[in-house]
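Two complexes come next, and they have one chain in common, subunit A, joined by subunit B in the first and subunit C in the second.
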Partner chain A sequence: MEIKTAEYNVWTEGSTIHYEGTLRLSGTDAYQPILDLMQQVLVEKPQNVVLDLTQLEFLNSSGINLLAKFTIELRKHPDVAMKVLGSTRIPWQSKSLPNLQKLHKGVELLIT
Partner chain B sequence: MALDFGETTHRNTPSAFSVNIILAEGPLAVSWQHASATCEFLGDLFAHHHAQGGADYNEARHAIIYLVNELLENAIKFRNPGDIMLLCSLEDGNLELAVCNSTAPAVAEKFQSLLSEITSRDPGELLIERIEANAADETSSASGLGLLTLMNDYGARLGWTFEQNDGGAIVLRTYASLTLN
Partner chain C sequence: MTQLPDSGAVRSSVLTSFRAKFVFLIGTAVLLSLLLSGGVALWNVHKLSRDASAEIESGLSKTTEEYLTRYIDMTAQRADMMFARTFDQVTMLAQLTQGLIDDPKLDRDLGEFLARYPAFQDSMSYNAEKHWMQNKAGEPSVISVWGYLLDSAGAMRADVAEAVRETGFFDLVVPALMGTGQNKLQMYYVGPKSVPIMRTMPYSDQAQTFDKLYPGHNESNFWDFFFPGVYEAWQGWVKNPGIRPADSDITIAAPYIDAITGKLIVSYFHPLYTKSRDDVAGMVAVDITLEQLTELVQGVKIADTGFAFLAQQNGNVLTVNTTGEALLGVAQESATGAGVTGINRSLSKSRFKDIAALRMPGANETSIIHVTVEKDGMPEGLLVAMHPLPVMNLWQPNTGIVPERLMLGFVVPDREIYEPLYAAQEEIDNATNRIVKGILISVVGFLIAVLAASVLLSRRFTAGLEALADAAGRLKRSDYNIQVPVRGRDEVAQVTAAFNQMALDIRGHTATLEQRVADRTRELASANDEIQSLYEKLRDENVRMGAELDVARRIQMMVLPNATDLNGIPDLEIASYVEPADEVGGDYYDVLYAPGSAKIGIGDVTGHGIESGVLMIMVQSVGRALYERGVDDPCAFLEVLNTAIYKNVERTRTGKHLSLAFVDYSEDRLTISGQHEEAIVIRKDGTAERIDTIDLGFPIGLEANIQDFLSSIVLPFSEGDMLLLYTDGITEAESEDGTLYGIERLIDSAQRVHQRSAEEVKTAIIAALRAHIGKQKVHDDITLVVVKHR
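Moving on, here comes the complex of A and B:
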């Protein structure tokens, strides 16, 4: 599965979801196709889900809300481990990703 | 009658490095993509200026882009048709941004009740609470999260003034300041 535009690319490989580029969509509705793609991964009942954000240069607050929504959704699947990969090169990730762990204690956050 | 919330006093002097931008409704047909173009421009310009003193360009650029983008997205989303004015300045590592646009009285009233809450609570706590509430309510528009992430994740100081103009519309000024590292 893949959603690709000139600004960003979101695709899945097994139960890993990759994000690349700049995501500045206008709100919850505009992010819905991406949320659908993420939720599709859960349908396969994987043991773990990985969000690879190491190439996502920018995410606006509506996009942060998307990640938060998915994290909350994962609380309903306690048997699915969630890992979030970030990069120290991209400042928003160290600033905003720790909020996900406040929503779901089981989130493993690796910012390298 | 004017109404204020948060920190509306800016301290940068007239000799600060500064840029004024008007997104003019007529010639531009102001739309969503202008937030991207404007924040990238201001982020590059001010981070370059800041980095001349040896500071981290990447860190400064990102924080400025996030700040300008969030405030401009709000202005574009909630404004009455009309120009949006931005005034951005930097002095001694203190970045200040003022965004001015007009908005409908009903929109302003709703925003004011959100601001009463945002400015009276711990932003970190409120951020998590609102994310939870948004996730539980499918129809929620997640408004306020941009402001709360700015306050909590970026340490931005924010303020707002509302003033009614002669035509009955509300002139909203949003003030933000950030200490750049």
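Moving on, here comes the complex of A and C:
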């Protein structure tokens, strides 16, 4: 599955979800299609889910809220492990991604 | 769309109508062919006229030249014969005289015989006053004996008296000669240089006339005085007869004014020789007036005003009439010699260069030359024919005897020769004009006939087209009920049939089109009504939503700290800047104060708009309540606030959360708690400290219990130190090329002005931020709080 615009591209490969570009959608409702896409991965009941954010240059606070909600949602699936891939190159990731780990101990954070 | 001319304009416009073009085409074609054939005819007529003129001119010239040549030859022969007759008589007298010189006995016997008759006696008398001797008037001839032949007493020397006596035969012979042949002025004898007595027939007052006209003649030898050089030339001939210029002894003198008669004279001399032929012994001579030559020359008549002239070899014109003198441009001027007066009227001095350039033809040749002179100020062409007479011996004073070839000239004005040609040319011109007129009249007539015929024909040809044009005009005026009658089977008829079909089609389309337009208009009207009502609903909705937004915005702005809140803290100087991205922002900041301590909050609700704004108001209210309740522990403060907000978020199902940090100030110390952007402290000396708040808290409203994540740190904050709090609207503001403003630029711009007041620092930072953003879109709410220790 794939959601693609001029600014960003979100697509899945198996249970890996890739994010690319700049996500600056206004409000929770605007992020709903992306959240649907992420939850669609969970329907398959994979052993683990990977969020690859290494190409996501910018994510606004509503987007961070989306990641937080997905993490909270994941807590209901204790058998599913989640790995979050980030980049030290991108300032917001070091700042915001650790919160995901605080929300759910099963999140493995890998910022390279 | 181009406006088509209506059918009326098509018919009235001369150059655009088809019929006019048709007539124009026919007219042009006919005119061109007529002009061409007319031109060829005219050219031929002119050529014929030119050729005829040339032929006539050539014939006339040939005939005239032949006539002139014949006439001048004949006249020259006549002139020659006249000369010959005079020559014969002079020669006869000379031979008679010479015979007496050669036979002295006969001479004596003749003298004795004549002495018997008194009529032949000379009664000589001496003129003492003038010192010469002459016989008496009434005798047949006059004999003069000059002073230098007399002694002082006035008596003749013996040899002189003998010589006088020996010339007595003159009175016997000469009257016969005078009476025959050409009219002669006089015949005379002059003795040898030793005895130059002069006997002249008829009698005149010879010595008296000489005295009057030629003073000094009685002191010089006759020969040297009157005819210098001639005697010596003859003496040369005695030794060598071969040097005579002409094969004759006769010598002529250039015309002169005769001393005795005063007339213009030509003299013919014949020398006499001694018996032994070793010297000259005088001469006999005859004078002829120039009028006699003139009579011959002026007797020549050619055409109307043609004339003849006689000229010497040197160009001196001897005879010509006054008309001829003017035409030749020569003038008579007198020339005086030693003894005789001549004339000088030279062709070479003519005022016309063609005449001055005339050259004598060779012996027995006739030359014919065309020259141009002036007459009454107009150019006049002349035909000049010239023919030389046989060569003669000419004596000229002081020059001796030279050959002289007199020249006869005939002159005829061209216009008289070519009069027949001019008449013929005029007749040809008249004929040509008649032919040209005839051609022009026939061309014009034929053209008119063709144009008239083509106008009539074109009316028939274009009737169908005009009907079509008329019908098209009516069609243009929306008159679709039209059918043009089809005549014949030509292309126009085919077009007409097609036109009729098209008119029918248009009529059909027009009828249904009106119905279709009416239907479509009805549909559009109904759609428009729906759109109008929808628009009105939308407008109402918009107004309502605008009103709601306005209320939320006003509430949000109302809960922000006012000037009193900012300036009411003794130790701290606070300046702030808030700019929401939408009408309602999601940023939160607050300044709470109670004596002894102050609490400054900064936060950022996810998103912006009405829900974010309302959540921000909730945070402010709960925070204010906790502060007023005196909850001093920062972690407890945040925990309770999180619980309250989390539950409200759950209730309102907004799904939002916020980052939130608080800074407590008390007694030169800052206590920071809660997770938000890094806090920045610029010390008094300008050094900057960045305080990471990631581990000091957790997003508010996301988790029910965040107690485990909460913490706080304490740092000193004394006089001159400065604290910067802000939201990510500042650090993540994009420039036009997409560069984020970033925390380093924020610190840098604060350090530049950190010694100034909080208000000035805020203004400087916002100005630097604005410069960075430029024309780029502002995506997020911007909030900046500057806290400076006084």
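Rule of thumb we're sticking to: the second predicted complex is superposed on the first by the 112 of 112 C-alpha atoms of A that agree within 3 Å, B and C clash if a C-alpha of one lies under 4 Å from a C-alpha of the other, contacts with A are read in each partner's own complex, and residues count from 1 in each chain.
The working rule: contacts are C-beta pairs under 8 Å (C-beta built on N, C-alpha and C of every residue); 3 or more make two chains touch, one makes a residue touch a chain.
All values reported here derive from a predicted model rather than from experimental measurement.
Judged by the touch definition given at the top, the superposed model places A:Q47 against neither subunit B nor subunit C.
Residue contacts after overlaying the shared chain place A:K95 against subunit B and subunit C alike. Of the two partner chains, both subunit B and subunit C are touched by A:R24.
Contacts of A:L103 after superposition on the shared chain: both subunit B and subunit C are touched. When the two complexes are overlaid on their common chain A, residue A:A68 makes contact with subunit B and with subunit C alike. Residue contacts after overlaying the shared chain place A:F58 against subunit B and subunit C alike. Shared contact residues of subunit A with subunit B and subunit C: 24, 26-28, 58, 60-62, 64-65, 68-69, 72, 91-92, 95, 99, 102-103.
Those residues of subunit C lying in contact with subunit A across their complex are 586, 604-609, 611, 654-657, 659, 675, 677, 694, 698-699, 702-703, 709, 728, 731-732, 740, 742, 779-780.
Subunit A meets subunit C in the complex at residues 24, 26-28, 58, 60-62, 64-65, 68-69, 72, 91-92, 95, 98-99, 102-103. Subunit A makes touch with subunit B in their complex at residues 22, 24, 26-28, 58, 60-62, 64-65, 68-69, 72-73, 89-92, 95-96, 99, 102-103. Residues 32, 35-36, 58-59, 62-63, 65-66, 69-70, 73, 77, 127-128, 131-132, 134-135, 140-142, 145-146, 149, 153-154 of subunit B are the ones touching subunit A in the complex.
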